[in-house]
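For reference, chains read A, B and C in written order, and residue numbers begin at 1 within each chain.
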Amino acid sequence: MASKKYLLKAPKNDLRRLPGFTTVTLLCLFILYAPLMVVAIYSFNASTSITNWGGWSLAWYGDVFFGPEAAKFQQAAINSLIIAVCAAFAATIIATAAAVAMNRTGAFRGKTSGFMLINLPLMVPEVVTAVASLVFFSTIGFTTGLGTILLAHIVFCIPFAYLPISARMQSVPDLYEQAAMDLYATPLEAFKLVLLPIMMPGLMSGFLLAFIISLDDFLITNFVKGAGIETLPTAVFGSVKQGIKPNIMAISTLMLGVSVVFVSLSWLIGRAGQSQQETK
Amino acid sequence: MAAGAPDGASSKSDIYAGNGPRLMLPVWVFIGLFLLLPVALMGVYSFLTKEFRGGVIWDFTLTAYDQFFLDRGLFGDDPAKIEWTYIGIFWRSIWQAGMATIMCLLIGFPTAWFIATRDAKTRSIWLFLITIPYWVNLLIRTVSMKFLIRDTGPLNEFLMWSGVINEPLGLINTNFAVQLGLFYSYLPFMVLPIYAAVERYDFSLSEAAADLYANVWTILRLVILPVVKPGIIAGCILVFVPSLGAFLAPDLLGGAKTFMIGSLIEEQFKGNAGNWPFGAAASMILLSIVMAVLLIYARSQTKGDK
Amino acid sequence: MTSSDIAIDIDNVVKRYGAFTALHGVSMQIHANEFFTLLGPSGCGKTTLLRSIAGFEDVNEGAIRLYGNDIAPLPPHKRPINTVFQQYALFPHMTVTENVMFGLRRSGWSRIEAATRADDVLKLVQLSNFADRKPAQLSGGQQQRVALARALAPRPKVLLLDEPLSALDLKLRQAVRVELKQIQRETGIAFIFVTHDQEEALTMSDRIAVMSSGHVQQIGTPREIYETPINRFVADFIGETNLLNVTVQSVSEGTAQVILPSGHPFSCPAATVNSDGTGHLSVRPERIELCPAGGGDLDVKVESQVYLGTDIQLHTRVADGEKMIVRLQNAQSTILPEIDTVVGLKIEAGAARLLAD
């Protein structure tokens, strides 16, 4: 009875235990997880109909990897991964440079406008970004394809990478870099050898966040992808438009698994970073 | 919506002084060149003449906006009346986004409250549970929702099997389905800022009030609401703004009657309509609405600071 | 004294932060091999001065010379000066050895030489057994010694220490003091040590500079600072002292004739005197003897006794209301006067000192 002591002194009107709030929270979790659970379960359905339950089977996973559409989805998955890795990598570098500018260079002209620019992709509605990108690429005559997708992804990944990186940099006092410079390190060495390793958890979270955001995108990709090139979301969308088929549920479940793994990873990294700071 | 303050009091460091502009260059190149400039170009496009099957002719005209706001009859020579079709679509989008925001608030506030009042360890686990679904691909989530609430989907099957209903609820392709989808898409955006506000709240304050025989609801209204109001407002904006221009939820969960801005714009570029200037004009109008909301919010924030 | 004997020459340095002036024309010269201490109350500019020497702040006026050369144009990483930071600032992602080797590698030592040197320095601070630990796995005192080792390893010309002992508890602090002083003697490097603990300053330093609000008040050996404070601030800040308002009759050749509040004439060494002929007579509490009322230089009324272990303090009051503290040895032979009785005080002639404000 861990709460025994608590029970003794709990006031009658305890705001920490408002009536019904627990129920709502559980309901909330139910709403969030029920659709995903149902799809995950039905992805193991043996039946070819998505409506009827025909017992457990891995048939649809087999279909995803070896079925008639396997090649299409595999290519789409590869495209998605390449773009997500490259976009996240580029966004992490750009965001790190920006975080140094915002947190470590004192005042300079264009600081406020630069800060607003970093946040711009968060403020412009996705569909507007999509339209603007399409219009821009078609005006300057870029052939739409992987390159345009990548450019567009880097842009909207930057603020997401910036968020954890800047937060982490703010929490690391500049004392370490001063100590490094006191010990004959040039500013660049102080950055590379001291600041960067210390804020590695922030960089990793930034990278993972950007990676997931890039993988997640459908709308902008759909506008700038050009004919014949698909990422996983656009391929799935195209397929869903013709009705939900069981292989889509298997793909969905796989993507769900990947997301969960990545989020857990970034959560654990964040925690590790925190505890490292606490013991300092 | 801002990613951390530009210069918090704790970070007045200038170790790399003088390098600021250089380090910001990539941001200017990428976001400036590939977002700011395109948005400006899109503004220009909204004043150009459409070419059939996509693209534009570089002739400046107000046709796109005219088409949006005014009805000149089938042959364009009737006296101009107000065209309600597109204003109606925008209005419906605002309504749908508003309803989704209210749903998020009704569920999100108690949830955020509940989480923020747990002890530190369990709190982070609850928070983690709430945020995981957000990281699952939005398309996958929307498709899952569609799968669940279809007339022949597991939800209706279960309810009919258990005898609660006799025929399917007919949820799919309704306004409510779209609202549910939007709610499902953006719920964590409501929970997190409210959570942050509640977490900062010192409960000994309300305990003092409870000592003075105030009842729970009085305390909630008089003591706590002012404290968490900023979190609620931030949450509402974070849900409302993306809902307004959302595409997937209305497209997959709604039908013709639930057409929203996102679909209207998409149709001009990817769909059958193929009217780029009109799509650009609709985008400009959407962008203006969103910027107005954000500006009002920013104003209220800076005023609140003083 | 040749210029090669002066490690750091601080020449009329002014440092401003916006409208606020943190250093008002500070001058001092620190000799090679010297343990030099900056002492002063919080906010008086000690850290600012150290940061200026290390190169983290640009000074607005004046010059800082290292063995005769102006170091203003050198950025921190080009100055052969190392710092032991108040919060140690050990690199958390490196082991103790890596921390110590950092400065060596950056200043061009080969890996092998650096490793050997790191071993030697860690031996010097008695941390050889902890070479492979991360800073988070060390105690406060051990971290402090790593910080010292790290700063000493590249053989800087000058070592700056900004309150390095303030994070340690009293026992450890006393032990490390001795160690630090010993290391300074062994290495022969000029140490500039910052503290606001006067006992620390008095026990460790060759010379002390007492600062207040951006000004240097006095520079001298611990003994000079303690026994011949130059003004009221120094006397008050260093140790305990009684400051009596007196009327000055005459000053000649460093000796002053004054009238005590009791009307008694008194002659004493003088530092400076106010032009209006009043001054403060500084008398250390341990340099006063008790005697029967009327038999000494002035009479006081005993107000309370404070027991201090080795000593007993008498709090007394002169007729005109000024407080006098007298410190008596806690010995069997000491006879303590009753509270509220009037006793006489005899001031040791050479020990009192006439000061200006």
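In the analysis below, a residue touches a chain if its C-beta (ideal position, glycine included) is under 8 Å from a C-beta of that chain, and two chains touch if they have at least 3 such contacts.
Given the structure is predicted, the values throughout are model-derived calculations rather than measurements.
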Chain whose Cα centroid lies nearest the overall Cα centroid: A
Of all other chains, the one whose Cα centre sits farthest from chain B: C
Two chains sharing the most C-beta contacts: A-B
Whole-Å separation of chain centres (CA-atom averages), chain A against chain B: 18
Distance between chain centroids, defined by C-alpha means - chain A, chain C (Å): 56
Chain centre separation (chain B, chain C; CA means) in Å: 62
Sequence positions of chain A contacting 2 or more other chains: 178, 181, 187, 190
Touching residues on chain A, where the partner in the complex is chain C: 175-176, 178-187, 189-190, 193-194, 197-198, 200, 276, 279-280
In the complex, chain A residues that touch chain B: 11-22, 24-25, 27-29, 31-36, 38-39, 42, 50-51, 93-94, 97-98, 100-112, 114-115, 117-129, 131-136, 138-139, 151-152, 154-156, 158-159, 162-163, 166-167, 169-170, 174, 177-178, 181, 187, 190-191, 212, 215-216, 218-219, 222-223, 233, 236-237, 240, 244, 248-249, 252, 255-256, 259-260, 262-263, 267, 271
Chain A partner contacts - residues on chain C that touch it in the complex: 54, 56, 75-78, 81-83, 85, 87, 89-93, 102-103, 106-107, 135-136, 150-151, 154
Residue ranges of chain B in contact with chain A within the complex: 1-4, 6-8, 10-21, 23-28, 30-32, 34-39, 41-42, 45, 55, 107-108, 110-111, 113-115, 117, 124, 126, 128-133, 135-141, 143-148, 152-154, 157, 183-184, 187, 203, 206-207, 210, 214-216, 219-220, 224, 241-242, 244-245, 247-248, 252, 261-262, 265-266, 269-270, 276, 279-280, 283, 286-287, 290-291, 294
